[in-house]
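In what follows, structures are represented as structure tokens.
The two complexes that follow have subunit A in common; it is paired with subunit B in the first and with subunit C in the second.
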Partner chain A sequence: MSFWAQAWEVARTDIRIESRAGEVFKVVTPFAVVALLVFPIALGFQLSVVREIGIGVFWALSILFGMQIALRQSAADSLERRDVQALLGVDPAARFTGRVMSATLLTLGFMGVLLVAMTLLYAPSLPDGWAVGLIVTSALMAVGLAELGTLAGELTAGLRNRANLASLIVAPLAIPLVMGASQSLEALARDESILPWVLLLAASALALAVGGVALARPLEEAAQ
Partner chain B sequence: MDTLACLEGVGVSLGGSPVLRELDLIVSASEIVGISGPNGSGKTTLIRALATLQATDGGSGTILGKKLGSPAVRCVRPRIGLIGHAPGLISELSLRENLIHISKLAGIDPNRVDHALEVVGLRGASDRRVSAASYGMKRRVEAAHLLLRRPDLLLLDEAMSGLDSNGVDLIRAIVESTVAEGGAAVVVSHDVDHLSRLAQRTLHLEAGKLRAGE
Partner chain C sequence: MTRTKILFGLAGIALAYGLWMAFTAPPDALQGEYARIINIHVPSFWLAFLAFFVTAFGSIMWLSRKRQRWDRLANSSAEVGVVFTAIGLVTGMIWGQAVWGIAWDWGDPRMASTAVMFFVYLAYLALRAAIDDPVIRARRSAILGAIAVIQVPLVYYSVNLFRTIHQTQSIRPDGSTLPDEMLVAMLVNVAAFTLLYIALLSARLEVAKAEESAETESVLAGDAVKPPKISEVKDV
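So, the complex of A and B:
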């Protein structure tokens, strides 16, 4: 079976599992929306401040909860399931790619719902041309988060306390993604080009993709 | 006679503790080897080492002609069939969907899944989710998985526990047909009587070392 056929099958199955379990849209997303409600309360309903911070809160929650989405999929892999895949001859790089594909799709869906909720609750002041900027940066951030979460899941496979360890790995590596995403809209507000920030996001996503694919096989061997 | 698996002086340590010590084992084509042993003796670790899924830290070996620990061993993994302690199935999918997923990943025609389900007696329950299936049903799905893949080297770790007599007969038939086609099987069980009826030779594993069974 070809690399892409295996990757597609892994992604398709992950999406099907999510459609049955509903963790992303029935558990993670409502939690994130509740978190959106907390900020205005904490700020004493100062509407001008709430409008200012809206997009920043969106990025922060996207990172925090988006990472949970990507990590959740890898964490669901039991030793037995990994054994089955190894004996079926599944290329670890294809599994990584498939995981990234499904996690990207789910993260984008999550971010879409969160954006609508944030817009309704915060009525943020957005700069001109925000829609294109937001779509591009959200898509690149979703890819980067999916890669980062999947890579962290692979790095910690088979370890005890893997959830804590994965979070520690992810936090510093997520900084370029957060910077790229948040600063691109800041640049728009200042009437500057968002290209440098989009390139930072794209370079981060590319580096994580190369790293994930290159490390997939050694990581699988190391986990045995 | 062809050797399908050969371990020479193999050791395995888990968490710094030796589990297998200088273990020797040869499994020839058309042979069924039974392995018994008390809890914690290293039976599951041995099965995982034979499946090339457990790194060894001493000795050498070949599995289906490829050197253990070498990258080439990946090529022979699709020729190995493993039923371990816990089924490696996806809880959110149905029994049938699990087998279709496995078929697609292995490059097997998914149209064969229904026939395999029929052979293992699960045709009527094929749409049941794994989370709602009994342990015996999950074991039968793993048997169907073996029927789909037809591996040359079967590794069964307490594969018959939790199965009714029909299920035990089914696993036995798969083992016998594999061996008849020139493959081999290593069967691990606590049940020494059962092993002696199925296997051509039995070995006893204790404290990480193999010796001839009684």
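So, the complex of A and C:
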């Protein structure tokens, strides 16, 4: 079985497990929408402020809840499942890649729902040409988040305080992703090129991909 | 006298001399007396960067050689690096309050990225604290230690990459923007902080070694000592 066939098989299995567990779309997404409702209440229903911060809240919630998608319980392998995969000869790098692929797809779906909800609830003021900018930056951000979350999930596998610890690892390392995403729309609003910020996002995602694939075997051993 | 005590003695002398130079250098034309805090702020960050590179080096060496001493080095250096980062952040905030009129400026990517780096290494230490098994602890923290170092160049070059109120590097490969007296005072303090880093690292390595042998002894004792049977226990 080729590398990509293995990766695709891992991703397909993850998606199938998620479709049965419903952790992302039945738990994480509604929780994120509730969080969207909290901000205007906390700000005293000031419509102008809500419109102004809409897109910023979207990025912040994407990071905070997006990392929960990569760290979801349904993606945490039991020791037995890891042993089976090892005995089947699944390449650790393919396993990492597959897991990132599934987490990316789920994160993109989550971000899509969140964007629609944010647009309806906040009626944000968006710059011209925002659609292309938002699609590109969201896609890169989803990939980066999925990679970071998968790495942190492996590092904290089996630990008592896994959820908090993994979030503590992911949140600070995700800052270049938030910065790239938020600044690209800011650049559009200022009529400037978004290329430097897209490059920052792409470089972060690429560095994490290279790191994840290179460290896949030690990560596999570390999770035992 | 142990090596660590000698190192602390040397670091103490060097720090005293560095502080004396910092306080006797002429005040800055614009910042006045507040500029003297740079003699602690800048060396703290330089040593924090060095400490995190040493952590990455120790982590990569552990991953390739699997020797416990590399894990000790990585962990000890990260702890010292976190202390230096905290000193740098606090002195920077004091200086910012005095000179910019604000302790924390969100328009300054250097401050934000440094805080991020600080939390990444706090996460590294938290990860270590959460794992009991020494081999699993070493393996997982080595992976994070090797990845986390990516933050260091980002922090260093953030003042060049973004428009910010933070000044760019005063000491560069093509020369320095500082007057000679301030430059000498800064370099003496960098040397003093380097000695302090080596002394702290040496002390932390000794503690780590003692912790490991204590863990080993307790495991051995645990295997050797059996609790008495209830029937053998006599009422006193």
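Quick note on the criterion: the second predicted complex is superposed on the first by the 215 of 224 C-alpha atoms of A that agree within 3 Å, B and C clash if a C-alpha of one lies under 4 Å from a C-alpha of the other, contacts with A are read in each partner's own complex, and residues count from 1 in each chain.
Note that in this section contacts are C-beta pairs under 8 Å (C-beta built on N, C-alpha and C of every residue); 3 or more make two chains touch, one makes a residue touch a chain.
If you're wondering where the values come from, they're calculated on a predicted model, not measured in any experiment.
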| item | value |
| --- | --- |
| Partner chain in contact with A:151 - subunit B first, subunit C second, else both or neither | second |
| Partner chain in contact with A:16 - subunit B first, subunit C second, else both or neither | first |
| Those residues of subunit A which subunit B touches in one complex and subunit C touches in the other | 221, 224 |
| List of subunit A residues in touch with subunit C within their complex | 151, 155-156, 159-161, 165, 168-169, 171-173, 175-176, 207, 211, 215, 218-219, 221-222, 224 |
| Touching residues (chain side subunit C, partner subunit A) in the complex | 63, 112-113, 116-117, 119-120, 122-123, 126-127, 130-131, 136, 139-140, 142-144, 146-148, 150-151, 154 |
| Residues of subunit B defined as touching subunit A within the complex | 48, 51, 53-55, 74, 77-78, 80-82, 84-90, 92-93, 97, 101-102, 104-107, 129, 145, 149 |
| Interface residues, subunit A side, partner subunit B - complex | 1, 5-6, 9-10, 13, 16-17, 20-21, 78, 80-90, 221, 224 |
